[in-house]
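Read through the structures below before going on.
The two complexes that follow have chain A in common; it is paired with chain B in the first and with chain C in the second.
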Partner chain A sequence: MKSGSRANALLVELLIVIFFFMLASMILVQLFADAKIKTVTARATNSAMLETQNLAEDLYAAEDPESFLTGMGFTGGEGEWTLTRNDYVLHVIPSAEKTAAGTLRTWQISATRNENVLITLPSTRYLPEEEVSP
Partner chain B sequence: MSKKSAVRAPGMIQNVFVLLLLAVFACLSTFLVTMGAQLYRNTVDSAEVNNNTRIMTAVVRSAVWAEDGGEVLVERFDDLGLSTLSIVNDFDGDIYYKRLYCKDGYLWESFTSAERPFTGESGEDLCPLGKFEPSIDGKMLTVQLESVDGTADTIRMYLRAGGAKE
Partner chain C sequence: MNKRKIALGPGAASVILIVVCLSLAMLAMLMIIGSRNDYNLCSRSATMIERVFELSAHSEKRLAELDAVLASCRKEAGDQESYLALVGKNLPADMSLEKDLVTWTEPLDNRNLECIVRLLPPGEKNRTEWVSHKLIVDEPEEDWEW
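And now, the complex of A and B:
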């Protein structure tokens, strides 16, 4: 009888330990999942940053930006151009401000992932109507 | 079956159940620790790759932007086995070369007078780097970079103030 009650006590103790272990595991697994998501997001942000920087330079240099974007695989038109990558989506929003002496051309380049904006970078170039002599 | 063994059977079942619980507990805890360790390693590796990429691209971009007023050219030193991205600046008639190059697994930067020959030893190492291949097409500077872990990246920069040597 005595050994039976000792075994029962051990069983109850073990069940309590496993219960708390399960609670701790649940929290840890949630933590691991969050860490994984943050790692993937950081990697995507890094790649997006490099690509948006290059794109900003390319758009600055491009003689015909629309053709350049089409060649890169962007789709869209006047309002917004988009390109879907594995980890993020690139958006390019063009705008132009005309002045008497020329045009200020701006490209708002941004990368989004699951509707969250990872990075936004403007690319601006002033195009004078006539060549300005130095 | 004797009376004695019939009494012992429930106790044995309970013992087996306890052992089984212990085994499940051990397996789960091992699995959790292994998964956590693996995830931690992945996170650290990924952070290192991201850091290396950011550092090496930031170094090249900031070096070029800081000296963009100068003449930018790609030099090849076949005797040293080096290909450098060089920015030439004129300071009151004295010509100085700022060179970025990859040597011994590091990105190096040197700033020397044009009167001194380039040896590759005169600079300082900035960050680990596997490969550094600059090229210039018109005013567009392209640098192919590869980190020590093999991650390849490309930097494109349009040279604004200064310009490439035609």
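And now, the complex of A and C:
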């Protein structure tokens, strides 16, 4: 009789322990998942940051930006150029603004991940019009 | 025959549960702190880089303004001296001319983008050339956030 009640008490204790363990693990798994998502996003932002900076500098210096982008593997043209990487997608939007003595050529480079913008950099270069000799 | 009896006393399972849960909670906390710090550092770097590139883009717009002035001055002036005098009179706001160098700064919090361009003499194909385009931090090293 005594040993039976002891076994029952142990069983009840185990059940309570399992219940609390499940409860705790449910919360902890969520915390681990959040931490993992943040780490992956940080890694993607870091890579995107380096790549967009390089791209901005290269586009600034490029004599023929369109063929440079094609060579890099970008697809599209005219309105928007796109390149898909493992962790993010790069978008390049060209624009030009006529000024009094030249043209301001701008490339808006952005990196997105799951439709969230990680970074956006403008690469602007002023191209003066050449003077016509009298 | 010696048979060893392994008995799980009352409360042992609860103690194990507490130890395991506390260990997992500690691990999760460390992971969250680490990942949050990484994320914050990345976000701050990205924001700063965006602002620096915007500053650089703004400096190109200022160069366009200056170039418009130079183009009109070249039409009116005959020689280098009169050209520089004319440019000095018509210089856009916040720019200064010293000899043949035009200087201006683009402010950003405690940083300044120092821009210096050389004015090329009339007759040259281009009107300007970049001499300096650098970001200067005005903050003493002791105040840097690590």
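Quick note on the criterion: the second predicted complex is superposed on the first by the 130 of 134 C-alpha atoms of A that agree within 3 Å, B and C clash if a C-alpha of one lies under 4 Å from a C-alpha of the other, contacts with A are read in each partner's own complex, and residues count from 1 in each chain.
Operating definition for what follows: contacts are C-beta pairs under 8 Å (C-beta built on N, C-alpha and C of every residue); 3 or more make two chains touch, one makes a residue touch a chain.
Please read all numbers here as calculations on a predicted model, not as lab measurements.
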First, second, both or neither for A:Thr124, with chain B first and chain C second: second
First, second, both or neither for A:Gln53, with chain B first and chain C second: both
Touching partner for A:Ala7 - first (chain B), second (chain C), both, neither: first
Partner chain(s) touched by A:Ala101 [first = chain B, second = chain C, both, neither]: second
Greater residue coverage of chain A in the superposed arrangement, chain B or chain C: C
First (chain B), second (chain C), both or neither touched by A:Phe20: second
Chain B versus chain C as contact partner of A:Ala61, first or second or both or neither: first
Which superposed partner A:Phe32 touches (first chain B, second chain C, both, neither): both
Which superposed partner A:Thr41 touches (first chain B, second chain C, both, neither): second
Chain B/chain C common contact set on chain A: 10, 14, 17, 21, 25, 28, 32, 35-36, 38-39, 42-43, 46, 49, 53
In the complex, chain B residues that touch chain A: 11, 14-15, 17-18, 21-22, 24-25, 28-29, 32, 35-36, 39-40, 42-43, 46-47, 49-50, 53-54, 57, 61, 139-140, 153-158
Chain C - residues contacting chain A, complex: 8, 10-11, 13-14, 16-17, 20-21, 24-25, 28-29, 31-32, 34-36, 38-39, 41-43, 45-46, 49-50, 53-54, 56-57, 60-61, 63-65, 67-68, 70-71, 74, 125-128
Chain A - residues contacting chain B, complex: 3-4, 7-8, 10-11, 14-15, 17-18, 21, 25, 28-29, 32, 35-36, 38-39, 42-43, 46, 49-50, 53-54, 57-58, 60-61
Touch list for chain A against partner chain C, complex: 6, 9-10, 13-14, 16-17, 20-21, 24-25, 28, 31-32, 34-36, 38-39, 41-43, 45-46, 49, 53, 56, 99-102, 104, 106, 118-126, 128-131
